[in-house]
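Next up, some structures in structure tokens.
In what comes next, subunit A is part of two complexes: it sits with subunit B in the first one and with subunit C in the second one.
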Partner chain A sequence: MKPTLLDELRKGDRLALSRLLTQVERDTPSGRAALEELFPATGHAHKIGITGPPGSGKSTLVNALVYALRSLENDPKVAVVAVDPTSPFSGGAILGDRVRMLESQSDPKVFIRSMASRGALGGLAERTAAVTQVFDAAGYDFVIIETVGAGQSEVDIVRLAHTTIVVDIPGTGDDIQSIKAGILEIADILVVNKSDHPGADATLRNLSTMVAMGQRRQYSATKHGPSLSTPKAETEAEPAWYVPVLKTIAAEKTGIERLADAILRHGAYLRESGMWEQKEAAALRETIIKMLASTLLKNWRARIPDEELEAILAKVSARNISPQEAVERLLAL
Partner chain B sequence: MTEHKIRVLIAKPGLDGHDRGAKVIARALRDDGMEVIYTGLRQTPEMIAEAALQEDVDVVGISILSGAHNALIPQVIEKLRANGQEDVFLFLGGIIPQDDIPALLAGGVRKVYGPGTNTAQVCTDIREAFAERIEA
Partner chain C sequence: MKPTLLDELRKGDRLALSRLLTQVERDTPSGRAALEELFPATGHAHKIGITGPPGSGKSTLVNALVYALRSLENDPKVAVVAVDPTSPFSGGAILGDRVRMLESQSDPKVFIRSMASRGALGGLAERTAAVTQVFDAAGYDFVIIETVGAGQSEVDIVRLAHTTIVVDIPGTGDDIQSIKAGILEIADILVVNKSDHPGADATLRNLSTMVAMGQRRQYSATKHGPSLSTPKAETEAEPAWYVPVLKTIAAEKTGIERLADAILRHGAYLRESGMWEQKEAAALRETIIKMLASTLLKNWRARIPDEELEAILAKVSARNISPQEAVERLLAL
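Up next is the complex of A and B:
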């Protein structure tokens, strides 16, 4: 709509940025045009994902982390994208992450944006990646992405973020929880928040054990595989990242400097090992595949008359044909 | 392109510590399909305007029970305008004396609600205001 939007954005106009975020979130034509123009300017921000169960203190941790990152010598710009769930019944949402993030919201180099998940199930909203790109292009050095309160399988964040932080709290389960697949596996950094609560040491121990087992596997794969790999591989092996398990009390800002330090170290590790580019490429591939899927579906839907679709769906409801057969028939239309 | 969800900031400026009303209205708006950004207690007018800016809301709903509305509301409106958000609708709820209401409305408040307000009415009013904003 307004051709001047991008110029304003680059000048640091916060209202222009905010309005652009809305256009991008709604996927409007002007939002799409802006993303297209902005794309070459992206790829610089360090994207940090924060995930963990509801009530584990993610928002409070983000608040503390923003403060710590803003205290760095190079005076970075920090954006936060906080995702909260949309009600499956009304389509509405309460976005309450900001309540915990008031400390830095008036800092002109901080921008906090809440997003409703709008039906997406992977812990992010469908447009979170696009919104992140806008912040990236607008010159934010760090973009922190807080997922909805996640359980065991909301792992989309790992495809978006460079550094994924999984927040756990004491007393959420025995050691069998920590060896299950899923959310703990995606962590580049593990945090035991509320570590002044009873059971913090046990949680820390469980997580550390799990991490150590994973690392032994990595270690033997990269370093101790004489029977499997050539000696040359040993010297050329990628420098390994050892997942730190850190204790924090976010509400008191305890342990946050070590967390910020771990994030910076992980960023440096990614860049040195070439994994940064790999992650970027994987994230872009994911974005393109998703776009392709939704475009194909939309185009297909646009050329299928409603009656034909309904007729086939009715046959499935009546158990005349199976869903599999329905799909085959629909694709043959 | 997706439907434009109505985004509402619910805020409580000043020092009174009762946010039950604000939470009830937040929940009612959510159940009406709106996206409600809740910012909690003891907000300054600057903080409210800053949150409204970063969240690009369509509506700001303010709850005041302390009697400080004549001091706080004009400041909120002034800050919103200073940020370029003069098109954001401001709704006010709380304990507001009848005598104060005309001046508040004249100053830019869209509606003022007292105790016992039907939440469905608030939802309707917000949707009406939003429809005007989209047309404009």
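Up next is the complex of A and C:
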């Protein structure tokens, strides 16, 4: 019997894995077929997202975290998806970090994948999700998704993980926060890296205060807020997750065991509270809705003659009708 | 007769404009109605996008550029859309630049609008386009769209402008480019800012070489490449645009007149070559397709009973069927 794709991946064929990742990343027909085939084997990996401002040492932290996770008793497999070259701008520091990270490549249970740039093309979130799925099916226990870019889309990618880690550094001053409140809300774990730099304790205090305020607000919204439609809020409170604020010095591997421990605790919390399944279901729902929307548009487009579409678009260009009116006319065809 | 919204905007009521921008940015019903009403008056503003890596002095450059454009003989109105607070991370330098930019606010023919953050929510490209449309209808001759974030989505926003300016700075070394090739391809004008810093000439040479190589590749692709399907490529070549690489010191307002001149020349080139209309038509087409896709999905969703949708989604969560299979089943309902 011919070994299946899954067999090959599970027995640890790195070249087969690498080739498959390329197919999936390029969204080729064989890549899509493989995702389809592998799907039943997914849903086990703990996905960890790491984001933070440029210069916060994310890559070094990821490097240290890979070692810490690999030292766990159950000898887990760890994958890193570095969403890096797609950031349209990059500096020298990033490249240096990457080179250092290559050290872990000699460990057969570690696989580091940089997402290749496609120039100015989009779809990065979908491609990252697909690549993560392959690692999941291949039996990787942890998939770390790290972004080097500091834009909104990079953050959107990271927050799709089970556990989102936001990294900050000391010394950004009292009045100007380098991390916005909106970002704190997506963090499951906060890290103050380079905590041997001056101002680390002040940053730690600031972040802790902000986290505490945010959690009090969330708690009262759940208990007394407008979302009474969910009957759960009226009965027992969910087992709460208190966002830890941790100090690390990634370059010296200080504080990394505590970070790894917090990640494991968060994973356990998600599973016990049922939120793991909820997060998985929500991600799948989003994937399906996106596929549905593009299929609906494609089917509709196939029914509409080019001339009629172009005639209506020309009317909009001439400012004779508005885009809204054009949509109504097109749907009436 | 009650004055129309357009009348109010055209007579320069800044408070009315400011309120309308808020409605449009929040995508409220009245904001959408206003966009609909204003649409026939749009299509005149020259939209200028400015992007570049963090620390390249984009805000200072925009500040200087506003002054230069305001000094033109035809006394144009200039708007700035600063896509800034939506970047989830920010440092102190940005705030300083912003404060400096406020100077221009006292000029009644200048309007600066920062896009307000909505935390981790998306839709930034749509909101930026809508805000730009309001300025266009209100009679602003130039709308400068500036991003402070350095992510892919920020770049995607900027490249929707008529003229895209990419800003770089000297001293990033020979081997490591701070600007990737993919970004150079979207630039209509390249600027080496802070050109009094060491290494400016080397950066200028590097960028010029990269631009020349890119243009030769494009040219030969047009003349001899695989795109022979477009008959135009066989006949006369289009009037070409040679991407200028300009040196500026924005903080001293050096080189800004030449930049303003290049922008005007690019605008003239777009109009003469017919590309202005093509760009406008392409942007409208994209807007309409997006509106169509979301309407099609909404209409489909309204026809599908919740139970059937949830039942199929549950099968995917249980890994009994794949997302692709779910989409097929849902469309067959």
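Basically, the second predicted complex is superposed on the first by the 223 of 333 C-alpha atoms of A that agree within 3 Å, B and C clash if a C-alpha of one lies under 4 Å from a C-alpha of the other, contacts with A are read in each partner's own complex, and residues count from 1 in each chain.
Here, a residue touches a chain if its C-beta (ideal position, glycine included) is under 8 Å from a C-beta of that chain, and two chains touch if they have at least 3 such contacts.
Since the model is a prediction, treat every value here as computed from it, not as a measurement.
Residue contacts after overlaying the shared chain place A:K315 against neither subunit B nor subunit C. Contact with neither subunit B nor subunit C is seen for A:R258 once the two complexes are overlaid on the shared chain.
Contact with subunit B, but none with subunit C, is seen for A:R113 once the two complexes are overlaid on the shared chain.
Between subunit B and subunit C, more residues of subunit A are touched by C. Once the two complexes are laid over each other on the shared chain, residue contacts for A:R329 go to neither subunit B nor subunit C. Looking at the shared chain after the overlay, A:R205 reaches neither subunit B nor subunit C. When the shared chain is aligned, subunit B comes close enough to touch A:D27, but subunit C does not.
Of the two partner chains placed by the overlay, neither subunit B nor subunit C lies in contact with A:R10. By the touch criterion stated above, A:G52 is placed in contact with subunit C alone, subunit B being left untouched. Residues 86-87, 89-92, 95, 118 of subunit A lie at the contact with subunit B in one complex and at the contact with subunit C in the other.
Residue ranges of subunit C in contact with subunit A, taken from their complex: 32, 36, 39-40, 42-43, 51-54, 85-92, 95, 117-120, 122, 124, 149-156, 159, 172-173, 176, 178-183, 185-186, 277, 280-281, 284-285, 287-289, 291-297, 299-300, 313, 316-317, 319, 322-324, 326-327, 330-331. The touching residues of subunit B, when paired with subunit A in their complex, are 1-5, 26-27, 29-40, 43, 46-47, 50-51, 53-56, 83-85. Residues 14-15, 18-19, 21-22, 26-29, 86-87, 89-96, 98-99, 102, 105-106, 111-114, 116, 118 of subunit A are the ones touching subunit B in the complex.
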